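Right, one structure below, let's go through it.
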Amino acid sequence: MLAQQLANGVMLGSTYALVAIGYTLIFGVLRLLHLAHGEVFMVGAFAGLQVVLWWQFGPMAALIGGLISSAALGMLLELVAFRPIRKRGNSHLAPIVSTIGAGLVLQELMTKLFGAEQTPFPSAISHVVYHLGVISVTGSQLFILSVAIVSMIALHLFVTYTRYGMAMRATSENLQVAAVLGINVNMVILVTFGVASALGGIAGVLVGLNFNAISPFMGVEMGIKGMAVMLIGGLGSIYGAMVGGLLLGVMEVLSVAYLESSLRDGFAFGLMIIILIFRPRGLFQTGIRAER
Amino acid sequence: MLLHVDRITRRFGGYAALNDASCEVAEGLVHALIGPNGAGKTTLFNVISGVLRPTSGRVRFQGVDYTGSRPDKVLTMGIARNFQHVRLVRGLSVLENVMIGAHARIGRGLLGNAAEFLGFAVAEKAAREKAREMLDFVGMAGKAEMQPDNLTLVDQRRLEIARALVSDPRLLLLDEPAAGMNAAELNELSALIRRTQVNGLTVLLVEHHMRLVMSVSDQITVLSAGTIIAGGPPQVIQRDPTVIAAYLGNGDELALHS
Amino acid sequence: MWSSYWDSVAVFLGINVLMGISLYVPMTAGLISLGQGAFMAIGAYVCALLTKANVPFLPALLAGGAVAAVAGLVAGAPALRIRGIYVMILTLGFGEIVRVFFLNFEPTGGASGMGGIRPLTELWQVVLACLIAYAVAWRMRHLRLGRAMIAIHEDDLVAEAMGINLTRTKLVSFSLGALVAGVAGGFYAHQALFIDANQFDFSRSAITFLYVVLGGVANPFGSLVGAAIVTLLPELLRVVQDWRMTVFGTILVLIAIWRPDGLLPAPRLRRS
């Protein structure tokens, strides 16, 4: 049974990882806590739902729909809600206010469109159960896991080998130096928002497919946990977010299986605080200094 | 001897900014620390003031080993300092900036704080008066309510000195207080340093202005490439061939002779 | 006529102002908490439990504040050696832990919350509490603690070199903030008459953050202005009924762009 739980945990954790990567990418280039990222994730889920409902397409199309909508939304937010603040100086707090405002707007808009209650997300994938040795997984779970893996690999390739990916890394290192070196920092930031939000959108659709229900408020919990995972992995570390997300997923599933299920949501933050006390820079100890 | 610096070594990675440096500062004197650029003066200064921990070696003040103590502890022991690149708190007035230096001496403890709230502001008043006194002392009377940003650089430096003095230190550490001053201001600074000694204050001064150093110091220690190469009164140091070589060798156009 | 509806709004406004002060205090020292809701929750539950045991309101309020203050010490301890952004996430996490705790803590009702709380809160009490809190904040500013906090916020290296004990000052400021939030929580419980863990969630902390930042972090009255705007604006926006949050959110974004440092400027010092 343990192996089964682990497998479930990995699947849950991969969605956490995707969201956390988004946070960490944005934090990396802008040092900003994008509190509306959870809402971007949520919008992606709803976009995917529309694709499935209106056009009767399958999960892949839903994914693409979610990915594109979220990416577009993320970039729009950067242009409308964050860039104007950056232009006017270096406030660290104002952008957070902006993210809160944007999040509220998105929540209400989606509530208007889809109602505040949970909306069913048709399971567009077969429920055939595959038995792989000790564990059994459904088709949808396999789909989720493979999509997540592919996304993370794609991200890794993007960040490591493409010009934009390298520009992103340079900008996270040091924004001023990157600008001086001729990197179009504003474009890099825009692309970062696009990529981060796209991953969030993918995660949204995956969660919808997995739990078969979504709501305009699903972004709140995921958002906060995403930030905790970001910290666990190390602020600014993509691989940290991946590992941290998987770790959290496994811990949560195990806690439900072997402990009080209602404590599940507390694990993310308990783990986070432990990391903060003993290893403040996170598991992967990258980049941004934690200590004074 | 008030201060003992005992074989201090400080590495940054593979680079030894200080290498087995030792010296002693006698009470009641003005003691200068000089050396070409990159010699390690500021590093030594930071070790003495507790901002940096040495890689090895000890520092002793009044016989007590305080190596590795945090800066606030160092202040309560009686060592106060200024900062080479003036660091003032912009959100506080000039007077309040000076008053920060009095914190170590004002009544402490959580209960003390609670009492202060209710008007037992005697300690606060005392601190305020002491701060005004120090502002007077450095020649800034009347500027108490100004914002630090609006001060001239010279005044900002004076403010830092006042802030250091208000804590009633036994040893005053001055990190390049003369940078950016003209001749008249240098004379005033010289006089100010001499004035602080009236009550037996010991001064350890890091400086590049040789004229100031030679005129105001009683003892000079010379640092070069992380080691102490000479020590003695100004007249001796001026003629010391190793010292001259260290400065000329470094390309510094310093006039050791005034 | 001053209807009881507006009376209620005024009480909640007062509670929100207290919450704003509760965050303003640690922020003066540079500690940004996104978890003030947790301290509010602790104060609320403790106070409610005590009044149910027939403890008079004032001692119960203070007890709630005291327990919250202790929680502030606990929450603040890991924050001592880490920088701004980490403190935000730390406090956010702490807020969630407290919420999950109360969701599961049966003696205070768990997920079903606690009801039947006596309606003890009155407007004058809340107003008085606000006045006292402001008086304390004002007094503190002109005393050692306030200066120490500002110095730490701007330059902790200098602060320490000047004898300020960073640990103690930070803990005290965090704890004081938590105390005020706890008292606010007590008032809240006896006005809302029913409390559950989800009323003190991250939104509560985020809104508290808005009070302070919108009004202006550098100005003690900033949190007053901010709380007033954030509390009253949705009321005034009843006109747009169904789109309140959208309009409100948009206004937030606009204010962030137009006035990144908050609506009130930093208090100017006199020039000589």
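The first chain written gets the first letter, and so on, giving A, B and C; residue counts start at 1 in each chain.
Operating definition for what follows: contacts are C-beta pairs under 8 Å (C-beta built on N, C-alpha and C of every residue); 3 or more make two chains touch, one makes a residue touch a chain.
Bear in mind the structure is a predicted one, so any value in this text is a computation, not a measurement.
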Query raised in the report: If you tally contacts for every chain pair, which pair is highest?
Result: A-C
Report task. Could you tell me which chain's Cα centre is nearest to the average position of every protein Cα atom shown? Result -> C
Query - Longest centre-to-centre distance from chain C, chain (CA-based) - result: B
Query raised in the report: CA centre of chain B versus CA centre of chain C: separation in Å?
Result: 41
Query raised in the report: How many angstrom lie between the CA centroids of chain A and chain C, rounded to a whole number?
Result: 29
**Report entry** Centre-of-Cα separation between chain B and chain A, whole angstrom
**Finding:** 51
Query raised in the report: Considering the complex alone, what residue numbers of chain B touch chain C?
Result: 49-51, 70-72, 74-76, 80-81, 83, 87-93, 96, 99-101, 103-106, 110, 113, 116-117, 121, 124, 127, 142-147, 150, 163, 167
Requested in this report: Within their complex, state which residues of chain C touch chain A.
Outcome: 32, 78, 81-86, 88-90, 92-94, 96-97, 100-101, 103-104, 111, 156, 202-203, 206, 209-210, 213-214, 217, 242-246, 248-253, 255-257, 259-261
**Report entry** Of chain C, residues touching chain B in the complex
**Finding:** 136, 139-140, 142-145, 147-148, 150-151, 153-155, 157-166, 172, 218, 266, 269-272
Requested in this report: Please give the residue numbers of chain A that touch chain C in the complex, ascending.
Outcome: 27, 31, 33, 35, 80-81, 84-85, 88-89, 91-98, 100-109, 112, 220, 224, 227-228, 230-231, 235, 260, 262-263, 265-266, 268-270, 272-273, 276-277, 280, 288-292
